[in-house]
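In what follows, chain A forms one complex with chain B and a second complex with chain C.
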Partner chain A sequence: MSWKKALIPLASVPLIILLAYGFWTDPRAIPSPLVRQAAPSFRLALYDGDPLSLEGLKGKPVVLNFWASWCYPACYEEAPLLEATWRKYRDQGLMVVGVDIQDKEANAREFMRRFDFSFPNGPDPGSKISIDYGVYGVPETFFIDRQGRIKYKHVGALTPAVMEEQVRAILRET
Partner chain B sequence: MRSAVKASGLLRRVALRGRGGRGLPPLACLGLVIVLALAAPPRGEAAGEPARPPGGPPPDLEQQVYAVASGLRCVVCQNLSVADSPSDLAKEMRSLIRERLQQGKTPDEIRAYFVSRYGDFVLLEPPKRGFNLLVWGLPFVALLAGACGVYLVARRWTERAHQAAPALDPAYLERVRREIEERKGSTGS
Partner chain C sequence: MISTLGGFTLFLALGVTLYAAAASVLGARQGREDWLASSRNAVLAHFCLVTLAIFLLEYALVTSDFSLRYVANNSTRASLTRYKIAGLWGSLEGSILLWEWLQSLMAALVVARYSGGGGSEAPSGTRQLLPYVQAVLQGISAFFLILMAFGANPFARIFPVPPDGRGLNPLLEVTDMLIHPLLLYLGYVGFSVPYAFAMAALVTGRPTEEWLRITRRWTVVAWLFLTGGIFYGGWWSYRTLGWGGYWAWDPVENASFMPWLTGTAFIHSVMIQERKRMLKVWNLTLITLTFTLVIFGTFLTRSGILGSVHAFADGPVGMMFLAFLALVLFFSFGLVAYRSDQLKGHGELDSILSRESAFLLNNLVLVGICFTVFLGTIFPLLSEAVRGNKISVGTPYFNKVSVPLGMALLLLMGIGPLIAWGRASLNNLKRNFLKPGLAAVLGAALLYALGVRQVQVLVAFGLCFFVIGTIVFEFWVATRTRARMMGESVLAAFGTLLLKSRRRYGGLIVHLGVVIAILGIAVSSVYKVEREQTLKPGDRLSLGRYSVRFEGLAAGERPTHILVWANLQAFRDGRPLHELMPGQRFYPNQQSPFASVDARYHWSEDLYVILSAFERDGSSATIKVIVNPMISWIWIGGGVILLGVLVAVLPERRLALLALRAKAQVA
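The block that comes next holds the complex of A and B.
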C-alpha cells in the first residue's frame, strides 16, 4: 500500500480518538472547582428564626443540601434520607443543613412539615449562597469536613449508599 | 445582532464583486463565511429585564452588566447566556454582576469569580488553552485540509485533461496515409 493510500485511514485515527474520548466522558458530569477547596462561608436566617453561619459550625462535619419544594421528584426522594442521616449521626457531631432555593415560604414550610424536618433549614434570598457554591440545580449536596473543606459534591437525589459512604468519610477526617 | 448585520453587508459586497467577474474565489468566500460565523458571538436582547426607572443606574452600568452577562452561560438553561435567559438564577446572576460592578470590581474579576464557582463551563467562549485549543484550531485545520484536498483533486483533473494523446505507431500511420492516397486515386480515375 502506497503512503497516499495509507493517508486516508490514518487521517481518521485522530477523529476516532476524539470520538472515543467523547463516548467515555459523561457529558453531565461537570467537575466542581470547589471540591478540595475551603467551603465558601455563608449566613442563613433559618425558618425557625435562628441565624446560622458556617463559621459557627467550625470543627463539625457538615452535609449541606440545596433543595426546593418545587423540585419533584428528586428532592422528595432524598428528603427522608436527609432527616434519617441527621437523626443517626447528630450525636457524633454531624450537622445537616438545608438551603431552600427560589421557593415560596409557605410551600417550603409544607415540604419541611411533610418530611418532618428537624435539622436546620433556611431560604437563600437572591440565590447568593447557591451561586457561591456553584449550584446548577436542585438537589445538590456538599459534604464538608471538620476543616471546612469540601470533600465531595453530589448532584441529584442522594442514595443511601452515597450518603453513608460520604458521611463516614467526613466523620473520619480530623 | 449588529455583527450579523455587518456580516451580511460584507457578504453582499463580496457577492456584488463576484458578478463583475473580479470577486473572491468560491473557496475564499466559504472561508470568509466560516470565519465570520465563528467571529460573530451569539447576541440577543436581554429578556425579562425590567425597564430602568428614572434615577436608576446609569446606562453604561447596564451596558457593562450586559457585556459581562453575555459572556457567561446560564447554568440552568440550554445554550443561553446569563444576559439572554429569563430564568430566576440568571436574574440573580445579573444582579450579582451589577452589585460587584458597583463595588468597583472589574469585568475580569467578576468572570474569574464565576469561573472559581462553576469552572470554565460557565464561560460561553472556552478559554484558549489546553484541550480547548482543539475547539479553536480544528475548524481552521479542517478548512486547510479541505482546501488542500480540493487543490490536489483539481490539479489531477487538469493534468489528465492536458495529457498529450499517446504516440501512434508510424507504420500504422503510413498504412492509413497510403490507403487515403489509394482512395483518392481510385475516385479520381
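The block that comes next holds the complex of A and C.
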C-alpha cells in the first residue's frame, strides 16, 4: 500500500486526537458566580433540635456540605471523610455543617447514625438554602473562610486531597 | 451469587465470541466446512449466553437485589415491575448489556437466515461473504463484552448493601421508556449488519454490488427502527417534558440524528451503484460513517466529555469507546485504501439533468446537514481546544443551517423519484414536473392570498405541494395506465401496482410521510403561540380562539410521588371544550418537581397547558398555555413513513398470499 493510500485512514487521526483531548477537560467544571462572594446567610433547624445560623458562626471557617440519604454512592463515599475532618480540625475552630436536602427524616437519621455524624446537620425545607447556594445536585460542598466568603465550591464526592487542601486554606486565612 | 454467575457468563460469552470469529475466518481461509459449522454454533451459543446474562440482571432488578451496584442505582422497591424491568436500560452498564444482547441477536439472525451457506434463495456471493460478516459482527460483540468485563460491569457488587435503591429518574418512569430506547438500539445495532457485509466484501475482494443487494432489506429495517426511535423520542419529550417542544439539538438527540442522515444518504446512493456501478467508495464510506457515527454518538453521550442532560459515567468506558472508534475508522478506511484499485467506478454521469445527479445532490445535502450537526455538537470541545473557553452553539445555529438545507432536500425529494435515469429529456421534464410545479405555485399563491407573508412558510409549503404533487401524479398516472391496459378497476390496479414495484411505491409513501412531518414542523414552529399568566381562582387566560379558566388547585398522593394539579376549564370561541389538569409531581428523591403536562391533542392544533408555579395555599397558580398548530402532523408523518417502509420490505410471498386471499374473498 502506497503512502498516498495510507492517507485515507490517517485522515481520521485529528478527530481522534480532538476527542481524546476531551478527557483532559472537565465538563462538570460549572463556574459558580458565588465563589469569592459573601456566602448567603441561612438558618438551619438542626436534627438535634438546636438552631444554627451562618451569622452565629462568624469568624469561623466553615465546610458547608449538601447531602441526602438517597444520594448513592457519592454521599456515602464522602460521609466518613466529613466526619473525620470535623474530628480532626474542630479544635482549630473549623465548623462542618451538613444540609440535608429533599429527604425523608427517618432515612436521614439512619444515614447520620450509620456514619456516626457528630457535626451539626439539619434539613432544608422548601430547598431554600439549596436555591440560595445554587446547588445543582448532591453532594456539593462550599468552603467558607473566616470572613464569610466562599473560597471554593466542590461538585461531587470529596476526595481526601481536596478536603485537606481546602480546609487548610480556609483555616489559614485570617 | 448473581454477581458471580453474571460475571462468569459474560466472560464465557467473550471466549465463545472470540472463538466464533477465529473459527469462521480460519474455516473460510482453509475451506473447512466443519470449522464454519462450528463457528455458526458458537454464534448461537454466544446469543444464548448473553440472553442468560440479561435474564440474570432482570431477575436481580425485579427482585430488588441491591447487592448489585447497578440494581441499587436504577431501581427502588416501590417501582412498578415494568419500570424495574426498564431499569436494564436506565443507565450505562445495563444499556451496554442490552446493546450487546441485540448485537448477538443480529448475528444469530444472520446465521439463521443464511444457514447452510445461504440457502437456495440467498443472493449469489452470500456464501463467500458470510464467514467474514460473522467475524466482524463477533468482533463488535467482543468489544462490548470487553467493555463490560473491564469498565462497565453490570454485575458489580456494592458493600454495604443499601436498604433501598435510588431508582430511575422519574422522567423515565413512563411507558415510553419501554419503547423509545429499544427502537433506537435496534436501529443502531441494525446498521452493524450492512457494515459487516461491506467490510466482508472488502476483505474478500468482492466489493461489487452483491453486498448491497444482500443487505438492502437489513438496511431499510434498521433505518425504520432508527427513524421510529427518533420520532417516538420527539413525541415522548413533547408529551411529557413540559416545555412544549420535541427537539432541542441536545448532543444525545444529535447522536441519533447523525447516523440517520448518513443512513438515509446510503439508502439512496446504493440505487445509483446498483444501476450504474458508480460510487463504490462513496457507498462504503457512507455505511462506515453510519456505523462509526453510532459508536461516536454513544461515545459522546457515555464518555462525559460533553456536558449534556443525559450524559453520565466517567472512568475507562470513554477511553475504551474512543479506542474502538479509532480501530473501526482505521480498519474500515484502511480496507477501502487497500482495495482502492478494485473500487474504480465503471459508469459516469451522463447529464446533470438525471436521477443520478438528483440523488448525488441529495447525498451531498444529507451529508452536509450531518457535518453541520457534527460540528455543532463537538463545538464546545473544539472551541476549548483552540481558544481555551467553552462555547456551546444552540438551537439558533442548528436551525439556521438545517432549515435551508432541509428545503433543498425537499426540492430534490420531488425531483429525484420522477426524473429519468441517464439523461432527462425536455419532454420527460415537462410531462412529470409541469403539473406538480403548477400545483406548488398555485398553492403558495393561495396561501399568500390568505394572508401568509413569511417567506420561509411560503417556500416550505410550495415545496411540500410540489413533492405531494409529484407523488400523487405518479400514483395517478401509473394506476390509470394500468387500469386501462389491463382493464382492471382503479382500486385493483392501484393495489397491484403497490405489489409489483413495492420498493418504488413504498419509497414514495415514505416521502409522503416525510413531507407531512415537515409541514408539521414548519407550521408548528412558525405559528406556535404561548402565554403565561398568574391566575386567581375564577380568572381566565385567553390565547387566540382559546381561553382557560382556573378553577382551583388540588393535591393527591400517588404511589411514587405527590401530585399537585390545577383544575382548568378550557374554552374555544367561548364554548366549553375540555377540562385540563396540568400539574407538578414531587418525588421524595428528587430536588425539583417534574411537570405533568395536560393537553388537548387534535390533528389541526394542540392546546397544551403547563402548571409553572403555584401558591401553597391555593390562592393562585401560574399557567402556561401553548397553541401548537399542526404539530400532530409530525407524528402522523412518522406513521406514514412506517407504512411506506412496510410496503417496501414485506416479503414478496407474504404480500402475494394476502393479495390472493383478498381476491378469493371478493370472488
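Please note the rule applied: the second predicted complex is superposed on the first by the 149 of 174 C-alpha atoms of A that agree within 3 Å, B and C clash if a C-alpha of one lies under 4 Å from a C-alpha of the other, contacts with A are read in each partner's own complex, and residues count from 1 in each chain.
One rule holds in what follows: contacts are C-beta pairs under 8 Å (C-beta built on N, C-alpha and C of every residue); 3 or more make two chains touch, one makes a residue touch a chain.
All figures in this text were calculated on a predicted structure; none of them were measured in a lab.
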- request: Considering only touches as defined above, state whether A:5 meets chain B (first), chain C (second), both or neither.
  value: second
Query: So, A:32: does it touch chain B (first), chain C (second), both, or neither?
result: first
Message: Applying the document's definition of touch, where does A:70 land relative to chain B and chain C: first, second, both, or neither?
response: second
Field: Which partner reaches more residues of chain A (counting touched residues only), chain B or chain C
entry: C
Query: Where does A:127 make contact in the superposed view: on chain B (first), on chain C (second), on both, or on neither?
result: both
Query: Is A:20 touching the first partner chain B, the second partner chain C, both, or neither of them?
result: second
Field: chain B versus chain C as contact partner of A:102, first or second or both or neither
entry: both
Query: Which residues form the common part of the chain A surface touched by chain B and by chain C?
result: 11, 18, 102, 127, 130, 137
- prompt: Of all residues in chain A, which touch chain B in the complex?
  reply: 11, 18, 30-34, 102, 126-128, 130-134, 136-137
Interface residues, chain B side, partner chain A - complex: 75-76, 88-89, 92-93, 95-96, 115-119, 121, 134, 145
- prompt: Which of the residues in chain C end up touching chain A in this complex?
  reply: 69, 72-73, 158, 162-163, 165-166, 299, 303-307, 311, 318-319, 322, 325-326, 329-330, 332-334, 336-338, 340, 378, 380-382, 384-385, 390, 588-592
Message: Taking the touch rule as given, give the residues of chain A at its contact with chain C in the complex, in rising order.
response: 1, 5-9, 11-12, 15-16, 18-23, 25, 27-28, 68, 70-73, 76, 101-104, 110, 127, 130, 135, 137-138
